[in-house]
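The structure under discussion is supplied below as structure tokens; questions concerning it will follow.
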Amino acid sequence: MLGAFLSGLTVTCAAALFTAGCVILARRSTRYPSTAPQRVPALGGFEPETHAWSRFHVRYYPMALLFIAFEMEMMFMYPWAVVFVEEGVTALVEMGMFLAILAVGVVYGWREGAFRWQ
Amino acid sequence: MTLAFVVFAAAAVWTGYRVFRTDSMVRASFLLLASFLNVGAILVLMLAEYLGTALLFMMTVEMVVMALFMVMFMMNPAGLNPMEMVHQPRFAAAAGIGSAAALAAVALFGRFPANPVDPNAATIRALGSELLGGSMLVFESAGVTLLATMVCAVVLSSHRGRFGDGDEGSVAPPLEPGGDHRPEDDLVDDADGGHHMHHGGH
Amino acid sequence: MTLVTVLLVAAALIGIGVWGALSQQSFVMLMMGIEMMVNGAILAGGAFWAFTGGGAPKGQVLVIVAMAVMAVEMSIGFALVVAVYRARQVDMTEGVSSLRG
Amino acid sequence: MPVFAAAGVGGWGQTQELRGVPELRLVTTPRHASVLLVTGTVPEAHLVAVQRVHDQVPHPRAVVTWRAAGTAKRMPGATYVTGDAAAVVTAVQRAWSALEADPWSTAVDQLPDVEPNEWRGIGPFGQGGEGMMGGTPYGRPMAMTGDDPDGLALDELRLTLGPFLDALPAGLVLDVVLQGEVLREATLRLDALGGTAADATLPSEPSSAMARSGLRWLAHALHVEGLDALAARAAALASRVTGATDRAALSRHADALMRRVRRTGVLRNLHDVGVVPGSGDAAHRWRERMDAIVCALRDNQMPDALEPTRLDTARDLLADALPGSTLTAAISTIVSLDVGGARFGAGTLR
Amino acid sequence: MSDVVSLSPMLGVAVIGGTLAIGAYGVVVIDRLLYAAVAGWPLSLAWAAAQPAREVATVIRRQPVTTEAPDMILWVLAPAAYAGLAATALSVVPLGPGVVVADVRTGIVVFGAAEALAIVAIFLHGWAPNSPLPMIAGYRFVGVALSYELLSMFVLIAAALPAESLSIGAIVESQQGLWNVVRQPLGLPLFLVVTAGVTFTGPLDIVDANDIAGGGAAEDSGMAHLAWAAARAAMLVAFAAAAAAVFLGGWIGPVLPGAMWMALKTLAVVVTVLAGRHLLARVRPERFVRLAWTVLLPLAFLDLAIAGAGSL
């Protein structure tokens, strides 16, 4: 079982290192260094006044918070999916209750406008 | 196997340390994500494969949301200027080392029963039947808690409810009931009276 | 890869979490410290499940509950940070000490 | 052949027709291009912008100017083209093969290699800043906070979306204050009004001239909404509209194109986006203009729906339509208004 | 389960590397052909087949320009992580009967983790160059990504119900009699929405969008742009293979060998997603967030209910 994870990890690291290697090699071995006018961000012609990195006003933060709570449901559903056929109808009813409870949360969020751009 | 464990453990601790030492907030949250990924890998090495992989995707999403909020609320979010948002550093370091030493002592001197999990047990199937059987109460109460979390998160953070904007006609309450001195006035010695943020750090 | 070594790593993570939570001024970095502590707790829980619990499913349920605690804590924590920032335009722990009664 | 088209006023229409040419590939940002194509008259105010876009094209690069007038004439090392689209294609291919033969013959930067602000060595670590927010770290100051009806006073980005941004038509310059992704203020600069020379490539006969400029607008609008293949089809159709050709075949093709555009759901996406007093929402303007193109081709009329919005009226419309909308909605509104100077000979608009 | 043995790491790297390379090349060729077909140009396979080679030749020699104060580590890490995650996603998918690189018992959980980490990679790719338009594209993407990510997990769990296991190999085995696309009709459409989202092709192309001048890739030039485009094509191949395995019966098929069936089904999914790119307009991000939470999520619940009832 650990062998499978090992080969998965090896494949991931191989793909990542190959891509990173190509990009780093290209950036190191380029014959044209980037001059100041080239480094200006591409906005169609004029310069920005400030850095782009700033306290970016995310407009969907209530949805993001709602999502973290909703994500926990996945943690409980994966094991449930494995034993579903064994447990039969009781599993269906229990998960039905669990989903209904969390669906109430989503409906509440929708009614309060959590999914609209604030 | 032990080599993998040593690599993951060292990576987890080092990225954990770097989280509080780096300037850029985005790097801090994704270093914490790297620490979680390494802990997930260690869990997989300990044959808790469902916990390990579930930790991966659960923490990834949380760290993305954490990165969003860190960049939203931290001054100098990208670490262009050096970040020195630290107070009482020595006390904190002492407390940290103290707690680590105490727990390490428990680990070293405690005697725990040796009852390792057998490698080819169907751990996920056991967890599934446990969730539906023995600890079904935990499963459903977690559902209700998550519902409460959802409602509370939306109430606290969403500016606009069903009935329009949250702060129409509401002003932050003054410190003394009835008085007009509001706490943030002594924070901000601004002359122009606007919502002038207190810059320049300390 | 014995129980003791994994617990030492968990202790180190919890120690870093405590140091981080106490030393940082901003709310969000404080929550990063708490997340680091829960991270150590999850690792310790997994270690006890694997080495002493004998694969008992209740051990896994405990770790999942720990993850649920982390999710709930983070969701409510950031909701509070948003509410406080909207009221006070400040996200340092000093700035809000005036909340005390 | 990746080409970035920097279109001055009057040259914008012809560049949209190049989308239909299989040999050229118009890219959205100078960074992906090898050849910079400057068309039409570039007003004096946009000279710095042209030079910056020229410098932003990565080496090895070449410049081709097409029917250039004004400042574009002074682009050093550029090959001038005054013919039609085929001439441009050959010029681009020749410039490209010259580059492949000798990569060192790339065009030199036109702006001086000077940092925006002096920052090296200032501040505790020489990164140009003092304290947490002050100074100009690495050459630029950091954004400052501004109020927002959402109650969270966070940083606002003051940007100038330049004359040669791929999504903005006809050398439009938009000064924008962004709070997150939502616009707080948006003002349209009027310095492009000066160069409204008549567009010589349009057929003399007014109704087909209107139809052709309408199809050019449709090509650019489809590209901005993410439908590059349909934009190429519209551009190819536009280049076939000359005074003499038989109108029945063209109007049938145009009708088929309009039906296919409606099936992509773009009108549903633009529903109540950019509601402007007097001309409804963006979907309404699209529908109106698409029908006008077909009827201009079929029954040789001059529908006023194809009249481009004048720059100054657009500025007033946008001044109250854009604040509060997201950047994507704002760009879709500007594109649906078909802003820009005169496109065809009948009475240049001042 | 059949005697599935996961390939040794080195062989796995070769198999996954080869599949992703050929797949990415195929994606670009199919995209060019569909572009020419919709644009009304003369359809010539030779022209489409030569396009990638010519483009790569020009892009490799181009100068990789940097911006003023980028986060260079994250800028290099983003395409590398995205390509690595495409390899992870493909490694848990069985490419033939008994041929799988990483036969883990929690296949769809690893696939969900790879998809979640892809959100991180795409956000970092927008954040790293310190330029306004890519940053806005990155933030726009996270809003949409959080909305459709739940769909993929619901749909994969629904597919895992009859298989009684989380490993994708078992899911393919469980489709011996009836494919999941028939048994759970809502599964494949929702998964195609997720595929379009993760690889931002088609209506969900809000990351490298034309309306903000190329969005996330506005500052990439030369090899950085090539790496990003190749990683994106590889991710599309990985997700198409997963869709083929989980919903279209994977390597199950009457006459042809298993791997051939897998390739044909993956090709079909790739053509569908890329056709969506040229025939459907880009959605508005804020409207898609509302649509995903209020319409697509209930559909995912319904799909789960159908799967639950069906596999009892």
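To keep things simple, chains are lettered A, B, C, D and E as they appear, and every chain counts its residues starting from 1.
Quick note on the criterion: a residue touches a chain if its C-beta (ideal position, glycine included) is under 8 Å from a C-beta of that chain, and two chains touch if they have at least 3 such contacts.
Computed from a predicted structure; not experimentally measured.
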Neighbouring chains shared between chain A and chain B, ordered by label: C, D, E
Given chain B and chain C, the chains that contact each of them: A, D
Distance-to-centre winner among chains (Cα means, whole assembly as reference): A
Reference chain D; chain at largest CA-centroid distance: C
Contact-richer chain pair [C-D vs A-C]: A-C
Whole-Å separation of chain centres (CA-atom averages), chain A against chain E: 14
Centroid distance [mean C-alpha coordinates] between chain D and chain B, Å: 44
Whole-Å separation of chain centres (CA-atom averages), chain A against chain D: 33
Chain B and chain E, separation of their C-alpha mean positions in angstrom: 30
Chain B: positions in contact with at least two other chains: 1, 45, 47, 49-50, 54, 57-58, 61-62, 65, 68-69, 72-75, 78, 80, 85, 124, 127, 129, 131, 142, 146, 149-150, 153-155, 157, 159, 167, 195, 197
For chain E, residues contacting two or more additional chains: 63-65, 68-69, 104-106, 109-110, 112, 127, 130, 132, 139, 146, 166, 213-214, 218-219, 222, 286
In chain D, residues with contacts to at least two other chains: 29, 31, 56, 58-59, 103, 116, 137-138, 140, 142, 144-145, 150-154, 157, 159, 165-166, 180-181, 326
Chains that touch, pairwise: A-B, A-C, A-D, A-E, B-C, B-D, B-E, C-D, D-E
Chain A - residues contacting chain E, complex: 1, 3-8, 10-20, 22-27, 30-32, 34, 38-44, 48, 51-53, 56, 58-60, 63-64, 67, 70-71, 74, 77-78, 81-86, 88-89, 92, 95-96, 99, 103, 106, 109-110, 115-117
Contact footprint of chain D on chain C as seen in their complex: 82, 85-86, 89
Chain A contact footprint on chain C (complex, rising order): 64, 67-68, 71-72, 74-75, 78-79, 82
Chain A - residues contacting chain C, complex: 61, 65-66, 68-69, 71-72, 75-76
Complex contact set, residues of chain D against chain B: 123-125, 127, 129-135, 137-138, 142, 144-145, 147, 149-154
